[in-house]
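Chain IDs A, B, C and D follow the sequence of writing; residue 1 opens each chain.
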Amino acid sequence: MLNFALFGAGRIGKMHAQNLQAFAHSNLKYVYDVYAPAAQEVAKATGAKVAASVEDALSDPEVDAVLIATSTDTHVDLIIKAAKAGKAILCEKPIDLDTVTVNACMEEIKDCNVPIQIGFNRRFDPSHGAAAKAAHDGSVGKLEQVIISSRDPGMAPVEYLKSSGGIFRDMIIHDFDMARFILGEEVVEIQAFGSALVDEKITEIGDVDSVMINMKSQSGRLIHINGSRRATYGYDQRVEVFGSEGMVLSDNQTPTSVVRYNTDTTGVKDPLFNFFIDRYGAAYNLQLTAFIENVLAKRPVSPSFEDGRRAQILADAAQKSFDTGEKVSLSW
Amino acid sequence: MLNFALFGAGRIGKMHAQNLQAFAHSNLKYVYDVYAPAAQEVAKATGAKVAASVEDALSDPEVDAVLIATSTDTHVDLIIKAAKAGKAILCEKPIDLDTVTVNACMEEIKDCNVPIQIGFNRRFDPSHGAAAKAAHDGSVGKLEQVIISSRDPGMAPVEYLKSSGGIFRDMIIHDFDMARFILGEEVVEIQAFGSALVDEKITEIGDVDSVMINMKSQSGRLIHINGSRRATYGYDQRVEVFGSEGMVLSDNQTPTSVVRYNTDTTGVKDPLFNFFIDRYGAAYNLQLTAFIENVLAKRPVSPSFEDGRRAQILADAAQKSFDTGEKVSLSW
Amino acid sequence: MLNFALFGAGRIGKMHAQNLQAFAHSNLKYVYDVYAPAAQEVAKATGAKVAASVEDALSDPEVDAVLIATSTDTHVDLIIKAAKAGKAILCEKPIDLDTVTVNACMEEIKDCNVPIQIGFNRRFDPSHGAAAKAAHDGSVGKLEQVIISSRDPGMAPVEYLKSSGGIFRDMIIHDFDMARFILGEEVVEIQAFGSALVDEKITEIGDVDSVMINMKSQSGRLIHINGSRRATYGYDQRVEVFGSEGMVLSDNQTPTSVVRYNTDTTGVKDPLFNFFIDRYGAAYNLQLTAFIENVLAKRPVSPSFEDGRRAQILADAAQKSFDTGEKVSLSW
Amino acid sequence: MLNFALFGAGRIGKMHAQNLQAFAHSNLKYVYDVYAPAAQEVAKATGAKVAASVEDALSDPEVDAVLIATSTDTHVDLIIKAAKAGKAILCEKPIDLDTVTVNACMEEIKDCNVPIQIGFNRRFDPSHGAAAKAAHDGSVGKLEQVIISSRDPGMAPVEYLKSSGGIFRDMIIHDFDMARFILGEEVVEIQAFGSALVDEKITEIGDVDSVMINMKSQSGRLIHINGSRRATYGYDQRVEVFGSEGMVLSDNQTPTSVVRYNTDTTGVKDPLFNFFIDRYGAAYNLQLTAFIENVLAKRPVSPSFEDGRRAQILADAAQKSFDTGEKVSLSW
């Protein structure tokens, strides 16, 4: 049994709380949120205690693990505190918007020796996972190309996106991690185009809403990511893996298997899942299961802090390529 | 909050117990099984008490509802006891293998005035439900034809099927209910063919493993059901609704959205769900939710005891058509 | 090189004329139609001569083969004349609406010893053909069930259908042939339901527009055919072959591979082919090629006159089952 | 009626010859090939005359149009001769491997005033065409992203590719034209990655076999092309058009509509078309029809010589980006 303290009781925190309660081998002991009513709501629904403070929860020796689902700017502070308290950590992505801070964090906790897993939940999606497996186990032959389509159902208000760190660090970071996960090696060249096509106001905050990124890996493989802040037909999440013996596509998903035939159209399906928690519900579940099982079994957790840091480096490089208009090279 | 007693702690009972615990508005207070260790296991996992007997659980005035998931031959007895104790009832299908017994049960409880829902879970499947809705709301125009394909992943041992009541009453009864659900009217003519194609030994118990049934409804609509005890590619469950303005197909489902392209084949998907609880997981959940919500709100529950009885009458008629080689007419 | 005389220059005749001209090993020498302008049009487009009469064309020793695409009531007369003239014959289905006449024809030409192929073009459709092959070569294991969906895009005026012979003999005969083709054995029991759901006026001519037929074969296999005179989404033509090791579906076809994703719908495809010559264009072509190649190589042609006769017997039996409300048994 | 001289009687020339003969409004009068037996074969099959020389055919005033399907290095010479002879021209892509030569050709024929259409047949593919139409008519809303996947079934021997001009000019030029066709505006920035992943020997001739290209258009739209010289599952040809109100995908095509369900896999389709003439058969046909109809009606032909030149400029720019590792800007 793994006793958890949950930091952050917002939308994602609530989902994690439910999952923690449903599993046989985890127990949600504390929940903390700077906005107390949110913490109280989760506590009531799950039987957890509201912690008076982060320190309060961390000082309980019965707490084995923390789940960090707070706002990004608090992640590093909470990771350091939890690591120094000897707790296993599952932290939502990204570690921080600034890689300098990430590196400092890494330095600060290097002797703590606690398991840290970063919340790249998509690695646990059964469909994306099967595509990655096909790349790893040779069922597409020698891997040659990876194409990732990543389009959100709708764009958040520009005001909100101001503090997001930009589309590369906020949204596409998931896809950089997916690329690394599938490749099993590092990217060495990256080039990014971006445009304000969804909402021109995005340019006022120095950001874009539509991107296309090409990358080359250490062994010469080619990777493409396309992203948009808005797809009217739902949450468009595709991963294509192409190799010397075939292709595997992790395709989009609809809530039902209904197909309609009308006078003007055939094969009509429902809209795609429209909400990341619906689309990636199984992935969030499996992510948490893997963390719990690995921590209990004292096996390494994955994706690691270093995976989080490296995805960030790719996001930084993409941002730099977009800013300068030049291809960016990376060495590892 | 609805307090439940669960009768039957086998495979389906366990699933119901989990769902009852996960819902906010239900509580599993008692569990009973003739095989005590099964009840104890469910009790331990859910915090419910093991009831010493059925009567023990029914005598607790705090118990609002019972969920009957025992073997078929005990259903009627439990329904009568629970109804007389004034409990709301959700009973797995079929009510009984013998319609005479079903009718006697109906007579016996006619003054009890408790809500009774029969476990035709497929009505709650989001995809089949959307097909039914298309038949009801006119989105396929005027309904003309219904085609139901119903194939189990694998055949139980003939020994086990001995007490099943035969393929029409045991397996196809779900499809008879689905036909009635979609039609919104009654079937008046039925003709059934059957063969032993999967395992010849099935004939030794006077049964078949493969069937095709044609039916005509009161208004002349045509309905076809095909069934098999074994489909190697998984649990084949399709419903087709055809009308004057189009067709809606509730198609099969695979666990992932992975599509593979190889040297010899393209568009390759995973096998279908192979287990009814996986395929109809959402349906079981929604069935229970509907029961709980309707009972709490004092609304009628559906599908009703009468729905269970009528599906049985269709199964009887199909059996008779198969036995006699004649078309069977029904009046309602 | 095979020299043809074409009898009948209507819609189907024109298509055959084009195919005859496009093939390297066939030559259209004569065309004849009771409506001379139609024959002249084909002659002009292809370089063929307009025959003054059927006899005129048949008396030319250079004519090797005749293609009969006239109205059904003339088929038997033309078959007899052509057979007696020693010509190879490709005749559109059905041979005649009356099996008595078919049998008389058979008797009349029994010593002529000319190749006669009946125009069950769907046997040559690459997709249906692949489904049939899967039934024959064991790739679905031992064949158990066959399901044929056969829906025309639109219903001809009731006035026109008066002389059609009824839906079983006019339209479903194709599906009876398909069933025989896939089964590789004969049907021994047949039961048919029918309704007037598309246009009630069809009952005034003693016919129906919607049918469901169940059949059992000599070895106990089960076959279902559903048919409708009208499907708003196009020409619905599906064949499903189910066996002990899997299923093969010859699915519907659209003119393009375009897939649309909109705000309310995803996976949207074009309507199905709406015209039999578009849907079965390849089949008509391959049917003619097979005839030409087999006649030139002095190999048997297929489907044969006897295939045409047997499909008719099934159509008669279905009609009788519908008329009497009884199952009909057949012996061969 | 348009009288043609065909230059080049290889694989593509033969296909064009067949199409020219099948159309009602075109006539193949001459065929010429440096390899006389090839010309004789086409002449025999179609009834055309073998021209003694290019000049021979061009000097016949009855020849209205020429179809140039010779090797690329002869295109410009033939275009100039035919243009000066006043013939309408349909020339296979590319105009020439060297844009300097293309520009010189343009200068040389600028006063000839003959219709010149370049053989970008894919514009006429009904599925790609529908995707382009969706971009043009607003059915995907405001166009934002275009993604083109372009993978050949198999790679030609490196020896043969030596004179191909490189993957960008030889193969991807089709996709550059498709991008321009869909965009309806010009590309202003282009960046290309390339790798030798299929066959390392390709590097010996200074070429690659796998590419990823990102582009930005005048109005900021983003375009991606991925290409490979080899896809084991067939000829992979997809076009995705994404806009403010949806997405349209021109998906891959298989020869049949057969779908297989086996023990381990479901939804299995045939391999994709494996040969460009099979995949683009309809497109080649419609391309020729459009040329004939437009020339006869004295309407402009499209895609034009200038379209051919501009696709070439994009190919040059991609090559330069690959060679230098820098993004290339273009002004028009």
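Criterion: a contact is a pair of C-beta atoms (placed from the backbone, for glycine too) under 8 Å apart; a residue touches a chain by one contact, two chains touch by 3 or more.
The chain lineup, named per UniProt: A, B, C, D = Myo-inositol 2-dehydrogenase.
In this text the structure is predicted, and so the values were computed from the model without any measurement.
Chains touching both subunit B and subunit C: A, D. Farthest chain from subunit C, judged by C-alpha centroids: A.
Spacing of subunit A relative to subunit B, judged by their CA centroids, is 40 angstrom. Annotation: 57 Å between the Cα-based centres of subunit B and subunit D. Multi-chain contact residues of subunit C, defined as those touching 2 or more other chains: 231-233, 236, 245-247, 252, 259-263, 270.
Residues 231-234, 236, 252, 254, 259-272 of subunit B are the ones that touch subunit D when the two sit in their complex. Taken in their complex, subunit C has these residues touching subunit D: 22, 24, 45, 126-127, 130-131, 134, 139, 245-253, 255-263, 270. Of all residues in subunit A, only 141-142, 144-145, 147, 149, 151, 189, 191, 193-198, 210-216, 220-224, 226, 228, 230-233, 236, 242, 244-247, 325-327 touch subunit D in the complex they form.
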